[in-house]
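First chain A sits with chain B, and in the next complex the same chain sits with chain C.
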Partner chain A sequence: MNTIGTKKNLTLPRRSLLKGMAAAGTVLAAPGIIGRAVAQSGDVIKLGAPFHRTGIGAAYGRWYERTALAAVKLINEQGGINGLPVELIIEDDGTDPKRGVEAVEKFSAEHKVDAIFGHLFSHVSAASAPRAGELKMPYFLCSEAHSLAAGAFNRYVFQPSISDVKSQVSSMAPWITDNLGKKVTMIYPDYAFGYDHRDNLRAAVEAQGGEIVGDIAIPPTETSYTRYLPRIPLNTEVIYHVLVGPGVLTFVKELGEHLGSQRPEIFGFIDSLEAVSFDIPQLAYLEGTHFWEAMPRYAQPNQTSFDKFYREKVGVDANGASVDDPKSVATFSHMFSVWETLFAMKKAMEMADYKGPKQKIAMLEAMESITGFEESNEFPQGRKIFNGKMHQSFAQQNISKVVDGKLKVVHTVSPEDTLYPDEADYTKMSF
Partner chain B sequence: MSIHNKKLFLLCLATLAGLFVLQFLLSDYLVLAFTRILILAVFAMGYNVLMGYTGLVSLGHAMFFGAGVYGAGLSSYYLGVSLPVAFLAGILAAIVLSFLIGLLALRTQTVSFMIVTLMFSQAAFLLILYFSEFTGGDQGLTLPTSARSFSLFGLEVDMTSDVARYNLALTVFGVVLLGLFAFTQGPVGRLLVAVRENEDRTRMLGFDTYAIKLLAFTVSGGISGVAGALYGLMFGYIGSAFAEFKISIEALLFTLVGGPGTLLGPLVGTGLMTLLFDRLSGVTTAYLIVIGALLIVVTLWFPTGILGTLRDRWLPWLK
Partner chain C sequence: MDIVPYLLLATLEGLVQASVLMLTALGLSLVFGVMRVVNVSHGEFFMLGAVAAWVCANLIPGPPYVPFIAALLIAPVFVGALAWAADWAILKRINYNPEATIVSTIGLMYIIQQMTLITFGPDAQAVDAPFYYTVRFPWFGYSGYKFFIIAVAFVLVGGLLYLLRHSKVGLFMRATQFDKETAQNFGIPVTKVYSGVFAVGAMLAAIGGVLVVPSQQAHYLMGHDPLLLSFVVVIVGGLGSIPGTIAAAILIGMSDGLLSVFFSPTLAKIFSTLLVALVLVFRPQGLFGKAGR
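Entry: the complex of A and B
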């Protein structure tokens, strides 16, 4: 029975309804209209942070936010940038390309920030970077995608901290083939992130005289992996895995059941287990296997004072977990990029005596003129080579072994060994 | 030519005039936000043809939006065609796809229809991922700089200009709005409503209801493709996220809130929900809970949506 419109069901008079709608519309639109009057620049440096607060990247987003807040606090304690305090404005992009673009537009037109930083997931940055360029908004990535270095973006986009996936994979491969084996089986997610690893690893392994003997792409919708595991060739010497998401725990468990104790060597990317504790029963099978880490999650015996300083400021203990909650494990191999990117932006702004948008071009040119960053409290992950033409940093990489449920660094690749020939020159583009 | 429902026609013209003036009144950001709202409103208007006027609830319209995005984006990316040609390619892709899917999906009804459209949509989404070397998959493809401007009848349009973007979106919105006015307020519109209200009786009166539903499905999918093509070209990026399930839900949500079966309801719903998403997400990460609660309120008090309630109580011509 349709009771709509009966007095019992709806007694809202038309005038009240229209008034209510008008009021709601005004409230929704007000920040945009008022924004015209209050938006100012010159007395504060506003930085926009579109973080993955929700969606599939939420675990990363939470730690990116925490790291950014700690870095901005430190910068302001040190006197800000060029004497101006730094204000951090955070928006949730939902780990979604559409909303990533919306956040960029909001930062540019409503908050009128001086620069944007902090996008991680490559599909979000791929959608947002072109729009940032169109809005002439400096846009600093904290991602690993190769798109920037490959020349897909524009002159306003930089990645001054974390290495891209091509650099990471190609610099790892020689160690894998020299120490673990030359016959490699790759297991990766059947979408772009996985393909980056597949393509770069195959080229790097073959360049070392190795061979890809197995190539197993697993659709992102899979929840069980038992039907894929028999495809691992018997002559496999190394299994290379980069699966991500909640299915990883099932994958490791089923891999253990399939291979048993006579397993080949196993090498993974820590992306699979960021924000996941190692000392859980489901991951026991990984004991003795190796992982790539950009920054060691567990404080090493030779821990630098910079690493210690950084952990203390962000609130991370020696096991890579929150000091407030040991069960809350950090995304340690990625979140340092937020910290370092903020200090890279600070350095470029100081070089250009940045006070506001009038010095924007000078700041971008200063960024392009930087050749690297020394290991320090500002760059605790390590020394970096910055390629101003490609707008991309090249940093040291670590290979760690799981020993007693903890990751122990067994090899470190220097920044020089992560370089590859230039693929782009953004300095030839106009602003 | 006589105009059916002159009051609604005048309201449509007033709405278009108001939207044109809005760009001079709103802040820079709201102009950008309304550009997106207008494009997504076109999508919701397309969805409304099927759900609101014909009474068929689809859960798969993301595939038609995605067909527009990819039809336009891929032809621009790989073939280097001009933006107007790419735009037409996107629309054509959506029309062809919706006609073919309609032929099959319309053999089912009610819940089965919802499930079948959902399955086709998921299959389309997974195909985009499967052929990722061509489509860019989840990472997507960034359109080249050459695809950021075009010339049409001697008019140079810069897709990076905020003014051009808003007026382009408004133009497309206006054409679709007036086109749908003619489509829904005339004899064809009456047939759609007849199918919605009582399909058996409509068939008994001698009308081919399958053909009517197929027409509605194709028009609905085609307009969704218009929105998708415009969105892809406007933002210079195409990716599988535009064919995800939640895109279908957004169209459903915008239409439900604004008022299914009302011409301007999708615009009201899209504007309201987009701004709510935007404002609430800045306040709390739990904004979807707040929006969910609001939806419960709307469903309880205004089950026919905002404009639907106005139509039922005071303005019968608002349809």
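Entry: the complex of A and C
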């Protein structure tokens, strides 16, 4: 397209050079713009994906992007949505609340997308969801925070795939107190997502006659953990840990170093080891400990054909690592939410015969009318119960044990057992 | 836990923190003392040291101590060269003007950070320690490698002090710090001293980064905390005062360790920030600094 070096431009080399540089700069800086030039609104469904490409959530962002690309490719191969091709526009939000909001605004004003999906970290989604509501932009979370189900957001916000922390924790706690111990010390990140764990675990453990003996909040940007660990009381029977951020591997290593062979039982949310390989000598102490998993990282003996299909499409092997690089471990217990959310959006759009923003309200109402999703290629994590009032899905939960350095599912909670009484009714809100 | 193991762990943590701080803060203090340059990009040199250690670990085969020793040599040389180039390309051109250097080193900070993001990527990367040995106290285990950090830091700082006090290079540096014009009149190549000091300051931070990376992880945003803490140390110790910096690093590191373990790491940060405020109000030249010349 640009004509640097051709004869007719030789008279104005500087200007054409500048033009060329500007063009190249635009192309490099804003991949979204190319797509926009190709597709006019109305002949394509545009989905905005604000992913955590950089910042403390980068490991998740990388895999969310990979999963989204695979899902969109599949949807387009199957004829798109209502005959329209789906176009994915990705923006980096730096795992930063301010940039998360900016991304939502950019998607709305500049890219004019039909819907936004894919925010994970709760401090980012807590800032972005209200803005999406103000802009009347359908906004689908791939997060776990309880805020949505608690009624903190608005009618434009949905979470159709992954369960929220309250449902995860309250359905896990009885198993922990029955099988591991009743005196629990919890270690969690010091912000919204961690507080969901803190509050719900305490309530759930105490309901089982257990006790929280230690309570350790760690800032998600922390890099060194040893100095937090003496606060684990000696009478602890179970350490419950859930941590996020770039330092998780250091945390788990230092925990092992600190405890030595005299460790209590350990129950971790896989978040503490997402994107981290178990294949590290200092993690050997985790043998025999338990983890929560939304979707088992290692293919289980009773692997479904759906799980197999999903792994193949995203490019993940039976050990939960990239097929191109066994060292690159996926965020397997979270990224399925991107895949499933896209298919949930597709289903709602098909129910509303969605062709463009004119059917936006119909699409949102269709979403609210959905009662669940069957286990399928589209929903490989498992069957879902969808609560249209709370805009929240309830899914099965797994407890896995580390056996020979791999995670083996030892207990599964059905979606019905993760339910709790309604806390919100978004259908009573106006659009 | 009883009070004894608590105190032991706190002291160890404090000492590790103090040793790394000593290295990074000394670099910052040296640069300020001699050149009067407030180097905001100092934390990025620290980060580059850590990233260089990761690169070495990936490119150099052999047992973990081979790439680690290589990193201890290569990282400072590489980072020092980069700092030397930055001094030549930027600081020299703006004549070491104090305001301009602050702004330009902020720019440098972002350039280094984003270049690392582009090349190294956004993920945290672990580097194997040169050796694994867990010291088992009766109450808890502690990484043997962290003792090694303490030892190396003290040896390096001792060496640096000796160099400053007893070598010709040290004499040049001290003379330049005392009075730039007079030093120049006595034939001291002040511009060369400046370049050298900026490079050495960055090298100290890089060594800090290499030392820290096996016990943490390399990440493109990791330079932030060491920069802040180094500033705290340098202000408390007195800008440009080497003994002051060392004393303040130990004070801040130890108090950080003790407060973190006994209370919470957040309280430790509050304390160090409060200390800075108090020092600035009641003793602006720092605990060990000499009142304005």
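In this section, the second predicted complex is superposed on the first by the 363 of 431 C-alpha atoms of A that agree within 3 Å, B and C clash if a C-alpha of one lies under 4 Å from a C-alpha of the other, contacts with A are read in each partner's own complex, and residues count from 1 in each chain.
The criterion applied here is as follows: a contact is a pair of C-beta atoms (placed from the backbone, for glycine too) under 8 Å apart; a residue touches a chain by one contact, two chains touch by 3 or more.
No experiment lies behind these values; they were computed from the predicted model shown.
Asker: Considering only the touch criterion stated at the top, classify A:W175 as touching first (chain B), second (chain C), both, or neither.
Answerer: Neither partner.
Asker: Which holds for A:Y240: it touches chain B only (first), chain C only (second), both, or neither?
Answerer: neither
Asker: Would you check which partner chain A:Y64 touches, where first means chain B only, second means chain C only, and both and neither mean what they say?
Answerer: neither
Asker: One more residue to check, A:E110. First (chain B), second (chain C), both or neither?
Answerer: A:E110 sits against chain B, while chain C stays out of touch.
Asker: Could you let me know whether more residues of chain A are touched by chain B or by chain C?
Answerer: B
Asker: Is A:Y354 contacted by the first partner chain B, the second partner chain C, both or neither?
Answerer: In the superposition, A:Y354 contacts neither chain B nor chain C.
Asker: In the superposed arrangement, which partner chain does A:G260 touch: chain B (first), chain C (second), both, or neither?
Answerer: So A:G260 only meets chain C here.
Asker: Give one of first, second, both or neither to describe whether A:E134 is in contact with chain B, with chain C, with both, or with none.
Answerer: A:E134 contacts chain B only, not chain C.
Asker: Report for A:F336: first if it touches chain B alone, second if chain C alone, otherwise both or neither.
Answerer: Neither: A:F336 stays clear of chain B and chain C.
Asker: Figure out whether A:F394 sits in contact with chain B (first) or chain C (second), or with both, or with neither.
Answerer: In the superposition, A:F394 touches no partner, neither chain B nor chain C.
Asker: Which chain A residues contact chain B in one complex and chain C in the other?
Answerer: 53-54, 219, 221
Asker: Where on chain A does chain B make contact in their complex?
Answerer: Answer in residue numbers: 4-5, 10, 12, 14, 17, 21, 24, 28-29, 31-33, 35-36, 53-54, 91-92, 94, 96-98, 101-102, 105-106, 108-110, 122-123, 126-127, 129-131, 134, 145, 147, 152-153, 190-193, 195, 219-221.
Asker: Can you tell me which positions in chain C touch chain A when the two form their complex?
Answerer: Interface residues on chain C, with respect to chain A: 1, 5-6, 9-10, 13, 117, 121-124, 126, 132, 134, 136, 140-143, 215-217, 219, 221-222, 225, 257, 260-261, 265-266.
Asker: Under the definition above, what is the set of chain A residues touching chain C in their complex?
Answerer: For this pair, the touching residues of chain A are 53-56, 58-59, 61-62, 219, 221-224, 226-230, 234, 246-247, 249-250, 254, 257-260, 275, 280-282.
Asker: Once bound in the complex, which stretches of chain B touch chain A?
Answerer: Chain B reaches chain A through residues 26-33, 36, 126, 129-130, 132-133, 136-143, 148, 160, 235-237, 239-242, 272, 275-276, 278-279, 281-282, 285, 288, 301, 303-304, 306, 309-310, 312-314.
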